[in-house]
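What follows is a single structure, and I will ask about it in a moment.
To keep things simple, chains are lettered A, B, C, D and E as they appear, and every chain counts its residues starting from 1.
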Amino acid sequence: MAVVTSSRKKAFNRVAIVSILLITLIFLSPLYWIGTTAFKPRSLATTVPPTVLFQPEITPFIKLLTKRVQLTKAYDPAIYAASPWYEQRIYDGGERILRVGPNIQLSQYPNRFMNSLIIAIISTIIAVSMGTITAYGFSRFKMAGEADLLFFVLSTRMLPPIVVAIPMYLMYRVVGLNDTHIGLIILYTAFNLSFSVWLMKGFMDEIPKEYEEAALVDGYTRLQAFFKIVLPEAVTGIAATAVFCFITAWNEYAFALMMTNRRAQTAPPFIPSQIGSGLTDWTVIASGTFLFLLPVAIFTFALRKHLLRGVTFGAIRK
Amino acid sequence: MAEIILRDIEKYFGAVYVIRKLNLTIKHREFVVLLGPSGCGKTTTLRAVAGLEDVDSGDILIDGKPVQQLEAGDRDIAFVFQLFALYPHLTAYENIAFPLRATSESKASVEAKVRAVAKSLQIEHLLGKRPSALAGGDMQRVAIGRALVRRPKAMLMDEPMGALDAKLREEMRTELKRLHLENESTTVYVTHDQVEAMSLADRIAIMNEGVLQQVGTPDDVYHRPANLFVAQFVGSPVMNIAAANVKADGSRSLLALGKGAAPFEFPKSLIRHLSDAKANDLTVGIRPEGVLVSQTETAGYVPVTAHLIEPLGAYDIVDLKVGAQLVRARTASGYVSKVGARVWARLDPAQTHFFDTRTTDSLRIRLVDGAH
Amino acid sequence: MAGVLDTSPAARAVTRGWSDLTIRNVFIIPTILFLIIFNIFPLIYSLGYSFTDFRASVNEPANFVGLQNFRELLTDERIWNNFWVTAKYVIVSVGGQMTVGFGLALLLNRAMPAKGLITTLLLLPMMMSAAVVGLFWRLLYDPSWGPLNYALGLGDLAWLSNADVALYAVAITDIWMWAPFVMLLSLAGLSAVPQHLYEAAAIDRASAWYTFSRITLPLVTPLLLIALIFRTMEAFKTFDIAYIMSTQPTTELISIKLYKFAFQEWQTGKSCALAYIVLIMVLAITNIYVKYLNKVKER
Amino acid sequence: MAHIRLDNVTKKFGLHAAVDGLTLDIADGEFFVLLGPTGAGKTTTLRLIAGLEKPDDGKIEIADQDVHQWSASERDVALVFQYYSLYPRYTVRQNLAFPLKSNARNCSQAEIDERIARAAKTLRIGHLLERKTDRLSGGEMQRVSIGRAIVREPRAFLMDEPLSNLDAKLRESLRAELKELQMKLKSTFLFVTHDQIEAMSMGDKVGILNEGKIVQVGTPYEIYNKPKNIFVASFVGSPSINLMPAELANGHVTALSGKLKIVAPRSKTNGAVTIGIRSEDITVGPKEQVAAHIHDVENHGVEKIVTLRVDDQFFKATAPSSLELKIDGTVKFSFNPDKLHFFDAASGASRA
Amino acid sequence: MLRRNLASLVMGVAFTIAGGLQSRAQAEELTIFWAEWDPANYLQELANLYTAETGVTVTVQTTPWPDFQTKAFAEFNAKGDAFDMVVGDSQWLGAGSTGGHYVDLTNFFAEHKVGDLMAPATVKYYAEYPGNSGKYWAIPLEGDAAGWAYRKDWFEDPKEKEAFKAKYGYDLDVPKTYTQLRDIAEFFYRPDKKQYGIAIYTDNGYDAMLMGIEGAIFSYGGDLGDYATYKVDGILNSPQNVAAVDMYRQLYQFAPPNWGKVFFQEDNQAITENLAAMSLNFFAFFPALANKATNPNADVTGYFANPAGPDGKPQHAALGGQGISIVSYSKKQDASFKFLEWFIKDETQKKWAELGGYTCNKSVLESDAFRKATPFNEAFYQTMFMVKDFWAVPEYAELLTQINNHVYPYVISGEGGSAKDVLDAVSKEWVDTFKKYGRGG
């Protein structure tokens, strides 16, 4: 469908394309910076002018994963020589890795990362499965005050998290859910559920009800029709919703900050807490950030078509 | 008011042709319909004329001037889109006024022109409404109004009735034709509906798979189809098509549809038109009204059974079983009483078309019904 | 008889399964209950506390103080300052996002190579954790060795420690993060404008600017408004990014104030009251927008 | 094989009654067509019978069993939808097997294979069996969905405008095929459509539905030739029946501001009426009675449809294609007095 | 080789994750909560020794300073058992004890004679609440106070010495008084060369800036109020305090640009990045400055204790540092007591000091080995006997907010009138606050 265009318009088009490419590069530069800083030697992380080209190294990641302490005196060359390469890197940086007996002591990062994974995955599974069946219910059955109920469902998402966090904190302390995985899973589920219902309702509405009706007429019960026909059709929608819920739960900060301390603390409140003392080691922060952003970036790419649809879906439908 | 000439137009998408070597001249004030199934290239052709589509080679001339480098707005043609393409946020008035305002005409002149067009289309009372508040036919009228208000050299219409229901389409057909008579603007009209094409066109250009099949008056394409495609595309119910062979038999030719079926009688002249090869491998086409049916045994008629009857009110369509072949006939309402009934049938030689089986082209044999 | 549907009552009982009503209730009610328990009940719970002097940090019972918390809050200049900071932040940040996002969408809304890839790349920021984004923008903003000042030649402009600039610095980060969202909605809006309207305009001899102002803009306005609602609400609620990036009084958004009331000073009752004020404001803003949106859509 | 009876069935959506006190009797083995404009309640009626909707009032019987309380899965009727009639992601074979694999049926794999083979043969879709449904053409899809109904050997076939989104040529051929199929299976068919040609050409009986009520039930012949009212008369037939005000007095009809006077043999009453006459019952030619202005001529190949104008009254006539007619010219015409329909001017009910 | 090591690292990560998940099942694990800084790492290392000895795992859980008290109290107020022990700020004693968050250690103190083991000031400020009540809630763990780092190379440059003498009439040396501090700051303030006089705390979050201001106030002989009677008016806004706050504002004039929102990190950077001649910081942050890897100027960085006020009034430093308390919601209080018993042993304290911890143990502090261990230990030793602290009342967070609200704008941009006006305003709010909570008269 190429409309006949004048050369002036074609030139303008070319200018637009070039500028969007440039803007994209500018937009991505912060990500480039955090990505490269994650591989920089500490000495190059804060140079003037900023260092762009360098020999990448994985020392920041070693630091990220281990517990270390500042060296206050010169280290023993014999110990240095006997140390594995990654420990030498740490020595080179003026620190030493803590050990419990002979074992290297790891930092809390892996644990926090794992917490994030557990909480995000479980809450996503619950939110999406509940959201899917509820969306199906709303999509297929009439209900008195349906519009109001749907608005109610959506409105719970509009609440500022801090507003809910205060009473939740008080309630949780009564039942002992503060700083537990379950506590955070429930919160994220509640937060994502409304979104999941809304998004899935859109997808469900798009699945022609004729499919299930055909199955009903063909001698299947409504539930069988739902599992055999509707669910397979809704798979892309479910995937998109799941990714969204996962990303939201994965990235959430405010609740995690207020409701967790140790056991269930997730990565978002943890990573900034690693800004450390004395002098910030930005390479460690960057490597922690890098690892943390990686899954989302991969997700975004792998599922970009669904994401685009998901983001705009609710908005367009309303 | 303009003459449009398409000369060797070609357009392809990758290796696939959308339009192939298309040559067509649309005369001043003529109403030409581009007819064909979806994907035949008719819309692309129309859009190429409008400047909404580039062509890969060939010339488009409007009033003798090549226009293919001109943007749509500079060609001075109007276009009516299939889904009307009314601006949804503007009222009918603003829609019609849009092309005038876009070129900064004075307010008074815009007002006068819009009112005049609205009056001729009898939509004055709708001018304040938005498209969403209009019925299909009214949207159609507004879209035409927007096209007419500029007094363009030519009107191009892309299935403008595709979105209307059957009854309304019938009405709009008449209106559109009257409008053309009054405005005398050169019009190119695209449709896949042969009834529309037949009823509206001065000339019909039938396209298939990017290739122009036949250009002619409605009578031409109905009664003298250039090939099997045209023959089957025009007319409803569809023309009966069957493989046949012809044998000389004394003073007559005998035409059999398949082996073992009772042959139909044809004038002797038929066999003379045919080479031996053709006589044994021929495709005949006959419209249902060309299949003559008799309730009683009649000379020159062969016995057949009624396989299916479709009563359409004014007339019936009866599927007759001729050997293994089904042939549809058009009879008076209730003429064949019931399915399974035995009747007699004959093919009217004057209405029988003969096609080359391989090329599907018409053999251009015209017979007169000399027998009876 | 095999293969024929048995319509005897016994056989039908098997075929029937749950009634639609049962399914509807089983599918919907748990979710509604869940949302009520974990979203609405807490609000009711905190409404009660908002009329008390309750402090979660001490073991003393809560005393009913009537509207005192609300009175104190609404007459506290500092709280009003928090709201003012929030308002400024919302305007700057949302305004920026709308401008940048819509601009990007206009540039992207054309046939071009690798369009999908570029769109996806541009979306990356909004997929990320605001807390982490805020953190690494601190690195970018560093006045002495941050790459931003170097690249822009701003010398040692202290983005975050300069009280006058900090709010804008946070807003810029937020714009970076969320302009893609506006871009996406705008793109959806732009691509929802039927191509044939542009063709009609081309036929109607409308210039590029006339087409943009008379067709494109009015038709994407509803979606732009939706983007505006979403972003305004989100910006109003902003906590993480500003909290991570700056602790200036000039960047103390109302959410941060709320957090401090609740979790640093432990004025629980008062924080509940403030939470309610914020909640009512969010609802009011949303309502105004939605009303306006409906008006626009009606047109 | 079953006969279907609806007794005073009402179905409301909100305040609007989609089906309003409908009574219908469909004989065993009958091809019954429910015809009506959009929104007449045809589809709702079909869905009520299938059990996809529950009636607010009235009784539905299938094979003399009151199925009021039965769910759709229990009723053993097959339904062919207008859209989306096939399960996506499945092959044609899986689609055909699907209803047979329901728990409600006790169908062995051999039985399933056999039935599929039989249905495939009947519908000539054997070569498509392993294809995914998204790779079928529109006609093939409808054939497969009919196949899915056939394999079940249901008590009745319900079809909801199954041909309406096919193109004209395909519709023509599937029409004949469907009719043939029904004759072969001898099953009860209830076919819903808004296309009068489909109704006329296929139905053993046609029920005309308007605003949730049955207006007329009859054979195609009865419907076309003895319409009960103006609605039926103008809904059936193309081009539409010509309607015009007339005066009936002493066995004479006077219309077209007195220019047309005909002896009306069947007329019984006097006074103002609306007369209806179909285009094929108007003869056009140089020797006819009254002169008219030619407003439009449509060439349909086999014949021409002429729009004539007398004063402000427009009407259409069918003329042989060989007749030369010029737009804005003049021609003479006459009405066939035997084919005049008389309707009450106020109520629109037939007077004949 | 490389691959095997990498594999062991990965395995280690995997085990930690697995361990983290089932950690709650294990009884023998103690968690100590502290802020994120080097001493916490030293404590972890010390605790690792305990683990090696007893098999009880001790994890030091940290969070950044700005969040430290929020996180701790969020957990306390939730009555959570995430932490068995907490190394809490001295201000927390009031809230910790009256709120029921801390286990009473009075008996433990008596039993183990902790009062005799530790430096008196640390016992007073880190352990006892209410003041002079003889009730103890914490064991002094990390002694800390504000001190100063300075650029020895700049100070010892003969040309600078000469110029300074010419300008101020006395020798350039480590400042003895705040006036000298001011002079030296002014002397080295050379914006054109991107070199500045002094780096001080200015962050208005939590107690950051107040630590700097307290240092000045205490040195000037002022105080924040009467800790026994909660009398504030007349003490907080005394002339000494007014002068001290004014001095702090003057010092800010010689700070590097954009210094309006800084805390310990930036103050360390002021030395590492050659920004300032002198820099205020807690001793606990000085290891980074003594380390060549993180401070290129490590060799030329010197340290001194908080100078005296004008007229040679007695020196006082703002107290940092913390005691360790047992959280009353912990389910492992017995194990925690055992750990504390181990912790207060002399050899543990010695080891603690060796690792980098700032012991409060008198005998260790006084030992030569300690005082010579690092370039700043001597200054630390001096400081630890002259510390004072802020209110330890439960509502101290509100007090902090109030003083920050007024003093911060004054120091940074001179808002709010004179130093007297500002302190009057704070005094008024504090009086109201105390009244609200029923303290004092």
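Worth a mention:
Rule of thumb we're sticking to: contacts are C-beta pairs under 8 Å (C-beta built on N, C-alpha and C of every residue); 3 or more make two chains touch, one makes a residue touch a chain.
These figures come from a predicted structure and were not determined experimentally.
Shared contacts of chain B and chain E, meaning chains that touch the two of them, come down to A, C.
Distance from the chain A centre to the chain C centre is 17 Å, each centre being the mean of its Cα atoms.
With centres taken as mean Cα positions, chain E sits 36 Å from chain A.
The centroid of the Cα atoms in chain D and the matching centroid in chain E are 91 Å apart. The distance from the centre of chain C to the centre of chain D, each centre being the mean of the chain's C-alpha atoms, comes to 54 Å. Residue positions of chain B touching 2 or more other chains: 51-52, 71-72. Residue positions of chain A with contacts to 2 or more other chains are 1, 3, 169, 173, 219, 221-222, 224, 257-258, 272, 275.
Touching of two or more other chains is recorded for residues 5, 15-17, 56, 144, 199, 202, 263 of chain C. In summary, the structure contains touching chain pairs A-B, A-C, A-D, A-E, B-C, B-D, C-D, C-E. Residue ranges on chain A touching chain D, taken from their complex, read 208, 210-211, 213-222, 224, 229, 232-233. The part of chain C that touches chain D in the complex is made up of residues 2-7, 11-12, 14-17, 19.
Interface residues of chain B facing chain A in the complex, by the touch rule stated above, are 51-54, 68-72. Residues 66, 69-70, 73-74, 76-77, 95, 98-100, 203-205, 257-262, 269, 273, 394-395, 397-398, 401, 405, 408-409, 412 of chain E are the ones that touch chain C when the two sit in their complex.
Put simply, chain D touches chain B in their complex at residues 167-169, 172-173, 175-176, 179-180, 183, 195, 197, 200-202, 220-221, 224-225, 236-240, 278-280, 295-296, 298-302, 305, 307, 318, 321, 327-328.
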